[in-house]
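Each of the next two complexes has chain A plus one other chain: chain B in the first, chain C in the second.
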Partner chain A sequence: MTEAATKANGSSPPPETMAWDSRSRRVVMVYVPLACFVLILLFPFYWMTITAFKPNAELYDYKRYNPFWIGSPTLDHLYMLLFETAYPRWLWTTMLVAVCATVLSLVSSTLAAYAIQRLRFRGSGYVGLAIYLAYLVPPSILFIPLATMVFQLGLFDTPFALILTYPTFLIPFCTWLLIGYFKSIPYELEECALMDGATRLQILRRITLPLAVPGLISAGIFSFTLSWNEFIYALAFIQSSENKTVPVAILTELVTGDVYQWGALMAGSLLGSLPVALFYSFFVDYYVSSLTGAVKE
Partner chain B sequence: MADVSIRQARKSYGSTKVLHGVDVSIGDGEFVVLVGPSGCGKSTLLRMIAGLENITEGEIAIGGKVVNTVPPKDRDIAMVFQNYALYPHMTVRENMAFSMMLAKAPADVIEAEVQRAAKILGLDVLLDRYPRQLSGGQRQRVAMGRAIVRDPQVFLFDEPLSNLDAKLRVQMRSEIKELHQRLKVTTVYVTHDQIEAMTMADQIVVMNGGRIEQSGAPLDLYDTPANLFVAGFIGSPAMNLLSGRVRDGAFHADGGAVMPLPPGAPPTATTYGIRPEHLRLDDAGIAASIIVVEPTGSETQVSLNIGETHLLGAFRERVMGRHGDTLMISPDLDLVHLFGPDGRRL
Partner chain C sequence: MSATTVPATWNKARQQPGRLARLFDYKPFLVFACLLPALGLLGVFLTYPLGLGIWLAFTDTTIGRRGVWIGFENFEYLFTDPIFWNAVFYSVFYTGVATLGKFALGLWLALLLNNHLPLKSLLRAIILLPWIVPTVLSAIAFWWIYDPQFSIISYLAVDVLGVRTTNFDFLGSAWPARWSLIAANIWRGIPFVAISLLAGLQTISPSLYEAALLDGSTPWQRFRYITFPMLMPILAIVMTFSIIFTFTDFQLVYAITRGGPVNSTHLLATLAFQRGIPGGQLGEGAAIAVSMIPFLIFATLFSYFGLARRKWQQGEGND
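The block that comes next holds the complex of A and B.
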């Protein structure tokens, strides 16, 4: 029977779609759109990189120099950035704020998400909704009352002002991401652990969290990136130059009057992007798996 | 090992009542199967024994001690879940050792117990694998191994074979039964498959709509079903149940069939039950028209019509016939079941 079926298949002409389902089809349907996409996405990075290494003469004269290429690369902008400004300090502050806010948010959201998803206490659904609603209040409105609180707590112009205010938008986001991830972990695993003699905290630590690692990494990456790039709170709550974060500092310290120091600005942006890019590249597998799949037994 | 006794157990979710006062008595070392259609409350009852669901009313005692408020970990029971619930990030060894690790048992004792359970179940070579690297049957065995390691007073199984293919199911069925005979641990097993119930149980509890319809030894339920539900549920293929009434010493079914009655049959019978395997080929019997003939090798199942009355027959003989042919049959009068208007056995 199988043999006959195989023979019949072998002798029949290939379906017409096969011709279209070939390399040319893949080129038109996959590679060309992908190439356009990559080109559009990567062009700003390319522009940023070449600007960072162009001498000022090339930067301001597109008639004599090709704007898309560097004639004689220079490290002047990088040197100026690293040794003539407080850039290393800005970078350190940004890193400190991003890491602390991320850790704080992850710990809080893990506990909140676990409680809402698994403990199912009375009103847990409303708590989840309330956290979500908090996320909907835009930072451009929230920073006014937050500023009052920051002042009253005496945190103005310190990194704590940012470490404690960033979780206002990070915790709702991470909580919802983790609620979704915890939901994908079979509840029976926890019941089984309960019968095996585990306490709630042991279940969280030894069963749920190890299985939620992709979700935690995903939430961590989002938090880190959002904290790293945050602008409004950093602009409003920090005044002194040395306490500024990179996104605010390069804009306020490298634009003097109406003079844009494009080379230093772009070098600052380039260096500022590297930690996030590195962070992503280490965890990209976990990140993708958390967005595409649940726990597989 | 311990006996389990469930007394007037009730369960409600808000205003929805799931169990309406259930009484089950499970002897020490007994293998009891809770069987019934989906939604009959059998899994809820099992989870109440496990401590995973609260008991709304009534009480459950394990080894003579009422456990209503005792948390699952202190009930000394082990449960095998429908989808095994193996911890995916742990190896087979870690899965099996987890409960003892939580109990802070010494490492050598844990290893010895894991090895003992692995030997019983033939898992020795799989101890360092992860659940995702195992087949369905192997996962099932690991789930049982995890239960054995704990050396519990009671084993609970929640439809453990429903995710396996037919062949593996038969194999695992006999493995579970053999394991029970070897370990002699009190076992409560939930299934919706009455064949599993019949082949494995010392005692079957048939449940429907949150109530117990009948409980007893498998063959008692098969031979003397207490009501129409049990009659239709136990036995495969299912019993023929013809509604009608008794007139002139015979049972006149609604579809027109006239079935002979055993001597002394009560005149109030409104349902006539005869199992397909209790119909015989008989030249002096009733003429029935063949609808479909299904030979299975060991027997032949034949769909029949007597007038408008539909019947299924299962014969040891090889019946050769086609749609529309006539077959002469008669019921084995000793094995006819009669039920009254309330559905109870007469």
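The block that comes next holds the complex of A and C.
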């Protein structure tokens, strides 16, 4: 009773002061912490970019130059990276592996998701659960046996080793994402087509897939990003310098001796992040929807 | 003219589908054909290696030599190895602290983003960036930020703020290195947690908050009795994933410290790699990797009960 009374009193001050009060409160409670978060989350990228374009003289002298800014930007590190190392080759390998692994997993998981969600055979729920469980098996416990397998199959040190092993973590993810998408497509559309005498494959190609295009794009860009970022398999299965992927090559080929070429390292990291970052900027909404969709499923 | 073309097309539509098409209309075959690529790939490159890994853990295989069954010898050896126990300790510590940090900060960020903000979608896009960029590449940036001589954090603390007289030695000794890695892991994990939880927050009906406001609830009560329970199912799933992938993390530690200084920051995954691939002791490496499985099963059960609870809470059927 008294609590209710004080509350009623508390909300009685004139509207102008209350508006001001709630606005300053909002600034302190929302905008300031949010700005801190954004600053901290973005700082490493800023630092990466700044370092990549700084001449060495500025890089190692904080007394004379302000470390947060570039006095005289230079492309030396980038030039060295592109013309004195095998960087373009690494980029190409990474791109090839990522695209092939994505296509392979996308095709197989589309078919699997269609079978599980739409063909409704006996035990389809268990197959779905098994694929979900496969997602919980992390690469860190698989890389040693996979390394021996890859060696025995004669795939060691070839891009095929990566193209065939990446789907192990891509397929479970894509399948779950697509099951969710297929669920949202009305079943009546397929029934109509069946009545009209279409075959199952025609239904998949002409009706279900065109309607699931947003889901396919989400799954595709996600797989591409995951394959681009993959590290442990690429580190364990690839030995020769020219077959390495960008993340592995930067860490194993550019880090030489005790003196690190920070400028070149940062330029390499920046350039290696750029393709996914660009990709990401075009498809942000798909990323967000697939991320949240996969979690909700 | 038209009289001749119309029957022609009509005839074509009446054509019987070919044998192959009819085969694909036979449901058991269709199911089999659709599941074959996915289950085949997963069977050969996931299930088989999982079994092979467990088998390897009980052999003395090295690179270039097929091993023989040696029973629990690898595990007996590991249980007397202080480096292994240190890796177990650090894996648990790293997972515990990093998960706690990620979820505390991620939940806070999600609650902040759930307000009405200008440029909301741009903000969301920026926040997800650390998660999109390859971990190894951002880890290299952290390595440079943690540089003993040219660390920008040391510069801020020593030259700008003047709170310290010497540079931080982030990666030179055991505990600072451990905390530095945890900080980098939290930095990378916040976006995923925040964006997933934000999606969960947006599904909570505003009418619940309105009802609570009318009942005179405090902000803390609204969080404790509405937001948190409604967020619980999604929180459980995201946390399971986060725990599994933090516990088996490899990239960050390998890129920044490679397990050093003096093996103090080895996780089980980095130790398994070091013993197994460059060290050549495949059997021992596999044993270390296999010892992660009990933790993973625990986390999966956690997820299962989280899901079960959601059905019970929301009254959903089994689907």
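Basically, the second predicted complex is superposed on the first by the 243 of 297 C-alpha atoms of A that agree within 3 Å, B and C clash if a C-alpha of one lies under 4 Å from a C-alpha of the other, contacts with A are read in each partner's own complex, and residues count from 1 in each chain.
Note that contacts are C-beta pairs under 8 Å (C-beta built on N, C-alpha and C of every residue); 3 or more make two chains touch, one makes a residue touch a chain.
All values derive from a computational prediction rather than experimental measurement.
In the overlay built on the shared chain, the residue A:L155 is in contact with neither chain B nor chain C. Which of chain B and chain C touches more residues of chain A: that partner is C. In the superposition on chain A, contact is made by A:L211 with chain B only, not with chain C.
Residue contacts after overlaying the shared chain place A:I70 against neither chain B nor chain C.
In the superposition on chain A, A:V103 makes contact with neither chain B nor chain C.
Of the two partner chains placed by the overlay, only chain C lies in contact with A:L265; chain B stays clear of it.
In the superposed model, A:P186 makes contact with chain B only, not with chain C. Applying the stated contact rule after C-alpha superposition, one finds that A:A86 touches neither chain B nor chain C. With the contact threshold set out at the top, residues 295-296 of chain A are in contact with chain B in one structure and with chain C in the other. Looking at the complex, you find that chain C touches chain A at residues 17, 21, 24-25, 27-28, 30-31, 33-35, 37-39, 41-42, 45-50, 52-53, 56, 61, 105, 108-109, 112-113, 115, 117, 121, 123-130, 132-138, 140-142, 144-145, 147, 150, 152, 155, 159, 187, 190-192, 195-196, 198-199, 216, 234, 237-238, 240-241, 244-245, 248-251, 254-255, 268-269, 272-273, 276-277, 282, 285-286, 289-290, 292-293, 296, 299-300, 303. Considering their complex, residues 50-52, 71-73, 77-79, 81-89, 98-99, 102-103, 131-132, 139, 146, 150 of chain B touch chain A. By the touch criterion given at the top, residues 3-4, 7, 26, 30, 33-34, 37-38, 40-42, 44-45, 47-48, 51, 59-60, 62, 67, 104-105, 107-109, 111-112, 114-116, 119, 121, 127, 131, 133-134, 136-149, 164-165, 167-168, 171-172, 175, 199-201, 225, 228-229, 231-232, 235-236, 246-248, 250-251, 262, 265-266, 268-269, 272-273, 276-277, 280-281, 284-285, 287-288, 291-292, 295-296 of chain A touch chain C in their complex.
Partner chain B is touched in their complex by these residues of chain A: 186, 188-189, 191-198, 202, 207, 210-211, 295-297.
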